[in-house]
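Labels run A, B and C following the written order; every chain starts at residue 1.
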Amino acid sequence: MTDRRPEMTAVRERVPPRVGEAVRGQGRLWIPAAAALILALTYVLPPFRTYQLATVGAYLCVTAGLTVLTGLNGQLSLGHGALMATGGYTFALAQNALAGRGQWTLAVSAAAAVVVSTAVGAVVGLAAARLRGPYLAGLTLAVAVVVPSITSTFDGTFNSDQGLSIALDPPPGVIPVERWQAWLCWAGALITLRLLANLIRGRFGRNLRAVRDDEAAARLAGISVARTQVMAFVVSAACAGLGGALFAMLAQSVSPGAFPLALSLFLLVAVVIGGLGRLTGAVWGALLLVALPALANSVTDRIDAPRLEGNLPLALFGVVLIVVMLAAPGGIASLSRRVRDETHPDRASRPRPSRRLFRQRRR
Amino acid sequence: MDRFVFLTFDGLSRGAVYAAFALALVLIWRAARIVNFAQGAMAVATAYAGYSVVSATGSYWLGCAVALAAGLVLGAAVERLVMRFVDHSSPLNQVVVALGLVLVIQAVLGMIYGNEYRPAAAPVSREAFTVGGVALLSRFDLFVFGSVAAVVGLLLLLFTRTEVGLRMRAAAFAPDVSRLLGVNVGGMLTLGWALAAAVGSLAGMLVLPTELGLHPNAMDLVFVSSFTAAVVGGLDSPVGAVAGGLLVGLLLSYVSGYLGATVAPMAVLILLVVVLLGRPGGLFAKSTARTA
Amino acid sequence: MTALLEVAGLTAGYGGAPVLHAVDLTVEAGTIVAVLGANGAGKTTLLRTLSGLLRPTAGRVMLAGLDLRGVRVEQMVRHGLAHVPEGRGVITELTVDENLRLGGLWRGATKGDLAEVYDLFEPLARRKKQPGQQLSGGERQLLALGRALVARPRLLLLDEPSLGLAPKVTAQIMGLLRTLRDSTGLAVLLVEQNARSALSIADAGVVMTLGRLEPISAGDDLRHAYLGF
């Protein structure tokens, strides 16, 4: 149902056809450079730091997908912790079934995790596609709170609260475990980033933003709003599933306690603070997710305060989120708008329009 | 048949709590056009305060009163010190800030009281009376019904018969016009939050004796169930909130009773999905508006 | 003797370019001043700035010698300033009676005070318990006016009362305003596009063009100057 009126085509032509490429031209070198850096780090860092590096990689898969969903497409999801859990448990079940046959089982288990969480993401996404604002948040919150209880219902398979331990082969050759895991996690992360960057650069990215900014206009321009919303959800779910699988691999186990509601909220914090809709922001967010709890733990280790231990990171994340939201003058919209100005070089060169008063998406 | 009757009464009792909590959500929705995602965490916090008083003094009633008072204060404080400063251009901003509050509140509770489950005793017996061999209600159930009915009645009187209630309604329906008429709209908003939080606190004190115990996350599922109840009834409708709450309570009770307790949360999620897809304005809605 | 309302150099806008440019205006007690002008001239912005809904960027507003700068909107009614906004502002979810009571809350208006208003606006008396939703345009205008009057203002800011009303109803409302001025000494700042009806009761008039005010001399010259007859 594309609109062929002359005005519409004129609008489309005004936007430079290779917008993303102009900015991300250097993206071609970005990934190999990052890969080289990570590789170097895994040889230089002590084992615990390497493990933390691996964790950052695992988180990065999730934050990248979530920042696309919430930042570029404007859908607020509080349920991505549950999607990670889906990936993690699938990985665990697949790996335990295939254990001992060689390193390739990891790839198969990870693929299974991605497939299952994509399917779950599609189901949730279909339900969510027509929801907005607090209704969407409420639905995804329900998903995050309810999904752990599934492990209790089918406790034959999932072993309810104790969870499952995962049979993993030792790394090939004499590579230390942490280094091997860091390679795997970052391989996943960099592949995810590459795929997402390609997606965003093209029509999909434009559609995402168009729907976020003005649904009615997007519809008039021939974009299928529902399909875009669902696709965004599915893509981010796939990323979360991969992240969850890598997580499970790092922990060598899965349990409901590893995927609490707080995890979904942490992901939200990471994405909001990192910079909504920006893939580099996802990197910052992933770093934050590892650095902040580590920082909090170093504090609580010094004071002997067992009650502080799990809770200080929560408090810090919460405070940081509130402060950032209050400080940003336009709230979420301004945090994502900064991204828009950066990715459209023609707009960046024009004088900035005064702060729009009517930010709410017109329906 | 006996089981069905028992489950029905049990469900209505649970439902009354969800009704109260959903009412709190609707109150804030009507006043400020936002869903207070921190409502559950706020209720837990005041319940901790309440139960501290209970263990210190031995009196549940005093503890309840303290919890309600703490709710009033906490609701007013959250509105005045945090929510007021959030950018209003998009409803998502306040949702995100509320979630930040959830993190902070749950963390602080964990830091002060620890993360183990603490006992939350009921003030009166939870044993069901039997009539003709059929287990019906317990004293506690009656207490729950009575409290919720009293609160709903009081709120009704407040809003329809008092000057304050008139001001609050005017401030919610037409803030600018109300200001021109001399209504302190900001103050009415704070009052709305305070009342809603107090109602949430009451719901918390009523539901915790039936749960595993007092814990920073104890109200998470209650929030989800009450949110579902509010959506079922239509976020704009206080009557709908009560009806929705009872419906959700009954549903959970039957599912728990016949299919197993662990399936109950799934039932809530399915109900939520069904209502959001089918009649997002709630079962009592006149139109089918899908957006906030 | 100071005028009831004195406005000097008032400049205001909605972020970006100003809508009002250094507006000067005077309203004497017990008079009706008509503010005429085309759509978008800034008439509504003027009233909103006077009642505090919009903060001016420059200029001064004095009400009976009191500087209104910094006075919050909720306090305006206590100083005797009532504003019936564009669109009337009838709260449709509340009943007629509730709308009226709301107007009088700040001064503790009694049933007697409300009865006076019901006497003046007979159609409202018949619909006391009906929600504002069910009133016609003319009835809503009466309700908005009545609600403002319950507050016993000295100065009434009225934004396009004739909008959407039949000529007969408009004439009734204008007549009502004239009666109120004569019997209670109410001053009215009347924003209108319907120049003819406004000028038929006005003691003085101004014309607003693109945010700037130009006075017209008082009395019959008004009609003559503006409408040419």
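The rule we apply is simple: a contact is a pair of C-beta atoms (placed from the backbone, for glycine too) under 8 Å apart; a residue touches a chain by one contact, two chains touch by 3 or more.
This structure is a prediction, so every number in the text was calculated from the model and none was measured.
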Open item on the list: Hop distance check: subunit B to subunit C, minimum number of steps through touching chains?
Closed with: 1
Task: Contact pairs, highest-scoring chain pair - done: A-B
- [ ] Would you mind checking which chain's mean C-alpha position lies nearest the centre of all protein C-alpha atoms?
- [x] B
Open item on the list: Which chain has its C-alpha centroid farthest away from the centroid of subunit C?
Closed with: A
Task: Chain centre separation in whole Å, for subunit C relative to subunit B (CA means) - done: 43
Task: subunit A-subunit B separation of Cα centroids, rounded to whole Å - done: 32
- [ ] Please work out the Cα centroid separation of subunit A and subunit C, and write it as a whole number of Å.
- [x] 55
Open item on the list: Which positions in subunit A are in touch with at least two other chains?
Closed with: 357
Open item on the list: Quick check: what residues of subunit C touch more than one other chain, meaning two or more?
Closed with: none
Task: Interface residues, subunit A side, partner subunit B - complex - done: 76, 78, 127, 130-135, 137-139, 141-143, 145-146, 149-150, 152-153, 260-262, 265, 268-269, 272, 307-308, 310-315, 317-322, 325-326, 328-334, 357-361, 363
Open item on the list: Per the contact definition, I'd like the list of subunit B residues that touch subunit A in the complex.
Closed with: 34-35, 37, 82, 85-87, 89-93, 95-97, 99-108, 110-115, 217, 220-221, 223-224, 227-228, 231, 260, 262-266, 268-269, 272-273, 276-277, 280, 290-292
- [ ] Over in the complex, which subunit C residues touch subunit B? Could you list them?
- [x] 51, 53, 73-78, 82-83, 85, 89, 91-94, 98, 101-103, 105-106, 147, 151
TODO: In the complex, go through subunit B and note every residue touching subunit C.
DONE: 163, 166-167, 169-170, 173-174, 176-185
